[in-house]
Amino acid sequence: MMKIGVWLIGARGSIATTVVAGTAAVKCGLSAAVGCVTELPSFADCALPGIGDLVFGGHDIATTPLTKRAERLAEGGVLPARILDAVLDDLAAADAEIRPGVAAAGHDPATLVADIAGFRERRGLDLVVVVNAASTEPPAVPCPEHASLAALENAMARGRSVLPPSSLYAYAAFRAGCPYVDFTPSTGVRLPALDQLARAERLPYAGSDAKTGETLVKSALTPMFAQRALRVRSWSGINLLGGGDGATLADPATAASKLASKSRVLAAALGGDVEQVLHIDHVADMGEWKTAWDHITFDGFLGVRMALQFTWQGCDSALAAPLVIDLARLMSHAYARGHCGPVAPLAFFFKDPVGEAACGLAEQFAALTQWAAQS
Amino acid sequence: MMKIGVWLIGARGSIATTVVAGTAAVKCGLSAAVGCVTELPSFADCALPGIGDLVFGGHDIATTPLTKRAERLAEGGVLPARILDAVLDDLAAADAEIRPGVAAAGHDPATLVADIAGFRERRGLDLVVVVNAASTEPPAVPCPEHASLAALENAMARGRSVLPPSSLYAYAAFRAGCPYVDFTPSTGVRLPALDQLARAERLPYAGSDAKTGETLVKSALTPMFAQRALRVRSWSGINLLGGGDGATLADPATAASKLASKSRVLAAALGGDVEQVLHIDHVADMGEWKTAWDHITFDGFLGVRMALQFTWQGCDSALAAPLVIDLARLMSHAYARGHCGPVAPLAFFFKDPVGEAACGLAEQFAALTQWAAQS
Amino acid sequence: MMKIGVWLIGARGSIATTVVAGTAAVKCGLSAAVGCVTELPSFADCALPGIGDLVFGGHDIATTPLTKRAERLAEGGVLPARILDAVLDDLAAADAEIRPGVAAAGHDPATLVADIAGFRERRGLDLVVVVNAASTEPPAVPCPEHASLAALENAMARGRSVLPPSSLYAYAAFRAGCPYVDFTPSTGVRLPALDQLARAERLPYAGSDAKTGETLVKSALTPMFAQRALRVRSWSGINLLGGGDGATLADPATAASKLASKSRVLAAALGGDVEQVLHIDHVADMGEWKTAWDHITFDGFLGVRMALQFTWQGCDSALAAPLVIDLARLMSHAYARGHCGPVAPLAFFFKDPVGEAACGLAEQFAALTQWAAQS
Amino acid sequence: MMKIGVWLIGARGSIATTVVAGTAAVKCGLSAAVGCVTELPSFADCALPGIGDLVFGGHDIATTPLTKRAERLAEGGVLPARILDAVLDDLAAADAEIRPGVAAAGHDPATLVADIAGFRERRGLDLVVVVNAASTEPPAVPCPEHASLAALENAMARGRSVLPPSSLYAYAAFRAGCPYVDFTPSTGVRLPALDQLARAERLPYAGSDAKTGETLVKSALTPMFAQRALRVRSWSGINLLGGGDGATLADPATAASKLASKSRVLAAALGGDVEQVLHIDHVADMGEWKTAWDHITFDGFLGVRMALQFTWQGCDSALAAPLVIDLARLMSHAYARGHCGPVAPLAFFFKDPVGEAACGLAEQFAALTQWAAQS
């Protein structure tokens, strides 16, 4: 039985807390693994590591203990109050494996590497998968040192700060021998230098920006219009987000990352001549919840105008957490099979997938299950 | 070049009028064939009959001429006023090929057969495809004579009325050597006796109940929930329909056909433990338009409750008409390739498909294009 | 300081439990009285009895204790978990004042009268207001004995069952000298015989069917259309209800009461030529929550067609409970001022108000505050 | 019988074209005056000028003739095609009374005054009401000369450009002896110097920014929350606009005027602690149509969280045009009764009314009808 570590960047955030508490609840039979794609029958024969075999640690700049965070999530309706007592030990164990995170560029990656390696040794893990579930960063400033690993390490050796935190974590993950997942739209692994490093270390990576709500629905609906030869004329959307993610995205610079990532799905699926409106707004009152409204106008036969609207009301952490578990299991699978570089068949999980991928959700699911089944 | 006849049951209804006027508008370049699936690149190599090569006729119990019906549809915003003049001749030509329809069971099918055969000969057609686009009937009363062709014809010979009109048309179509399409949820071809007849005559058939709105969206969304392992708890929907179809469906007996057909999609995709509410209501004020609202509750990780709503605002005739054209072309294709009996790969078009088929829209599209490409 | 009793019919239901727990939470400062109309500045000078001076008891056929019911409501998100401990004593005290209810017609009202009178004496109350918040009954079968008090009592004396439970409670309330409120659409006080009794006893009554959701929004929106001279063509609505009320209303006979009451608002405000569709459906999965969707089509200048949709997502008990408190206070006010018979100025609270009243919400509010201020 | 001129700023825009064509259609009996508030029974005894007695002219910088604009509006579904022939003469007559408008600040108002006066004389009008229905301007740059009429005219005498076009029109209107209406959120009459001028000339004015859609619904719904003591926590809205107004408002500077005006309604009604999100976006594909979605979160009893959403789908010109007719009639009424300065009782029509006014729609309607009835 493989014992797999999951090293969470943003280890005290809502998503990470939900991952740790939820895994514990599933392990002790208090909850079914609803939302875990890898629990579907399609993956039954893939010999993925068990959910109960995952061990958690991570980096965070926050210091509020996981047990405290879990209480707040229970008040907010994200975690059921009835599981709290049963998962306290697991939360405390994960909390003991959280190390101080990186707040800004320019940090020495050696500490990060040592943190991850120490976790692996201390806990006797076969593999550690690093998942960035921290708050979204603003888009990175392009910089020539991003173009090659040699140039990057040269700059780092001279003490120059050329990597945003998410990319520094990706660098550290690879140097520690770990697969890496960009769960957010932050720059992360998406630099040529880091792709080179992943390939040099024979490590797989995946990303970016998990699709958990509006974009998930988009990727289910866009093929419908395309396959029915209906001409989409405009697609307007507004996302009202509470909580930490909402506050971060209220900063226009940061929102730019998210908006760019979200709009790619549409352009890829329906072509470039669709008018698009896309807003992300912070509504503190919504807490851990999100409401998205999309309005689509399209032409039918003889140009008759029609419309579709949808309203999605979801809890981001509860949607994201099972996908973190899925990605940890699947990246372990990719690693075990010697996959290195971008893992395109994981496009099913992401708004802006690395590698070449179909843009319809159903095709992505087919590609995922086919890939997972091969061995 | 194949010349294909399309014999429409309900030939003076909104759908049929839109089919005839729209085909003419496309033929003379006044409109693109938006909504025609068979115009997508995936079908480019299938050598389907051209849209301009379709010739129309049909049965109807109504007597309002097609030109008059087209004017009314233009007032209602279904047909663009600017195309009316250009399509008048085609409407008149089709109108001249409309024969009195069957209002009730018990009619002698010989006249119907002769009507169809006469059309084929008079117009020098290679094939006539019969498409039932008439108003929905109440569910048929089960009757032992439906079980075999011999029993059925025995009863008919004795002057007994055992077939509802839609099935009488299907019988006549097969006896006239024509493929048959159930565009509505009426009984039509779905009787063992008629399946036997189709196979005996080596004819293909398809159906039933074209998915043009709410159910189309459903079939795009249900796989999303299933593939993401989200547990759908309830799916409630209300359909507000104006026009003739709405009035017909306001009759509870008739609505039963439609509701049964619509609810199958959900049960097939998500299993039987989803609470379902489904209404079809007539709102005369909505004219040719339809608004459907669906409300879906589902569980995410740890049982957190979430919801998705959508509102579909469409024009039924404008959604249905291009599919009639598609089905005429594809049934001609099926016939040319010797397909007989139910054509399961056409499930993409139907709420309640004949034969074995996947229930997700994307899988149905893949099955359709794969089948069409084989030769 | 007046000490006012509130005798709840359906005293162990969700609404009653929320009333008792919420009053206790407000009294001890754990919660603001959000949703209590009588706490608005407009009522500051009316010398209404204090919320903390209300004492609860009632009838119910259910036996689950209030403390247990409160726990379940906390699990369902209706009561905040943090108030439970603080309100246990108040729940227990109210529970001790609950007496067995009447399940069917034909019960001897003497016991009911004695129950209410006993509560008043035991607790030293200045007045008891009876509020029917029990499940909705089917419409009552009309019966000649309803036409006059003499005929009614004659029939009762002969042991004939002529009153549905809600009316039996109203009879008992009046005989016990208590004002009576029909919070539901059940028959209750709406019989000539009971109106005579109320007047004979110099007692006020109010009702019926509190507007807490869809109808509340309707009564705010209909004047907008009327005052803007926009012609409403159709108003379609669907109500998805979980919980007990939903299950009761799933019975078509019972739903008839509710639907009749709901549709009156529209007809009164916009005239009779508006097409109406109105559904109430039970979706068990929604628990204590309700979602209503309304779709309104209307004409603007030159007959241009427009539409408004709204979706209301509310918790019925949390909407209803503060109104029960309001009505208890206001009926005490009416009684103190010698009001007898129907209290028309309370129309603001009801779907189908007794007495003559304006149908727009704002006018109803003006009438209410003006009435309350007079003394 | 009074003969009233209506001088439209933006006389070839969609609103103005709809006003002229619609008035003609009403006059000749082709259409009812749906959406005209002044046609309600409440105004029957006010002796307002007849709709058929209105005569149109105006300023515009556009040169497309009204007949051409009307054809386009008919294609877009704003004007019914069936009325076009009957209203051509009226459109041509109004078009002959359109004079070149002012594109930028700094224009000499003398020409504008002469244009208006010429119209009045030429057509033998008792009064001309000037209504600004032109595209929205960006907010005006504050400037000391706005503070007093003397300072303003001093600057103008020295050839300084201190007034934006909308204010220049207001200045010209007053100097020509005409009441003035700000139908848009542009600066217009809202400068102390122009208020002084109106009072000096004994002229009434009204404005600003007619509420025709989302804000209309807001002003109907906000009192509902306030009167029910429900605590609104957030109110988020998005407006998708096609057509000219949408394109203008896509400019962030211009949108600022509109957004400021729209948000005032909410703050006035519900207090300042409501989180607000408000977007206006241009979606060219929507033509003359507008869709607004609002999402409101609010607390009920014990802080239980609830939500209301609404979607408004309207045609701006068809909503605005009858209000222009109303305002012309009512300003004539105000003038006839010697009203000068801001006419606060017209607040019913505006997002950001001049003068002191209630913020609930129903109270505004009551104030309007009461004012109109006094004589």
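For clarity, chains are labelled A, B, C and D in written order, and residue numbers in each chain start from 1.
Operating definition for what follows: a contact is a pair of C-beta atoms (placed from the backbone, for glycine too) under 8 Å apart; a residue touches a chain by one contact, two chains touch by 3 or more.
Predicted model, so just to flag it, every value in this text is computed and none were measured.
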| item | value |
| --- | --- |
| Lowest number of touching-chain links that must be crossed from subunit A to subunit D | 1 |
| Between C-D and B-D, the pair joined by more C-beta contacts | C-D |
| Whole-Å gap separating subunit C and subunit D, where each centre is the average of the chain's CA atoms | 43 |
| Intercentroid distance (Cα basis), subunit D paired with subunit B, Å | 49 |
| Multi-chain contact sites of subunit C, meaning residues that touch two or more partners | 77, 307, 309, 311 |
| Contact set on subunit B toward subunit A in their complex | 18, 21-22, 25, 31, 33-37, 39-40, 77-80, 83, 216-217, 220-221, 223-224, 227-231, 299-304, 306-315, 318-319, 321-322, 348, 360-363, 365 |
| Footprint of subunit C on subunit A - complex, ascending | 77, 81, 311 |
| Residue ranges of subunit B in contact with subunit C within the complex | 233-234, 236, 238, 240, 275, 277, 279, 281, 283-286, 291, 293, 295, 297, 307, 309, 311 |
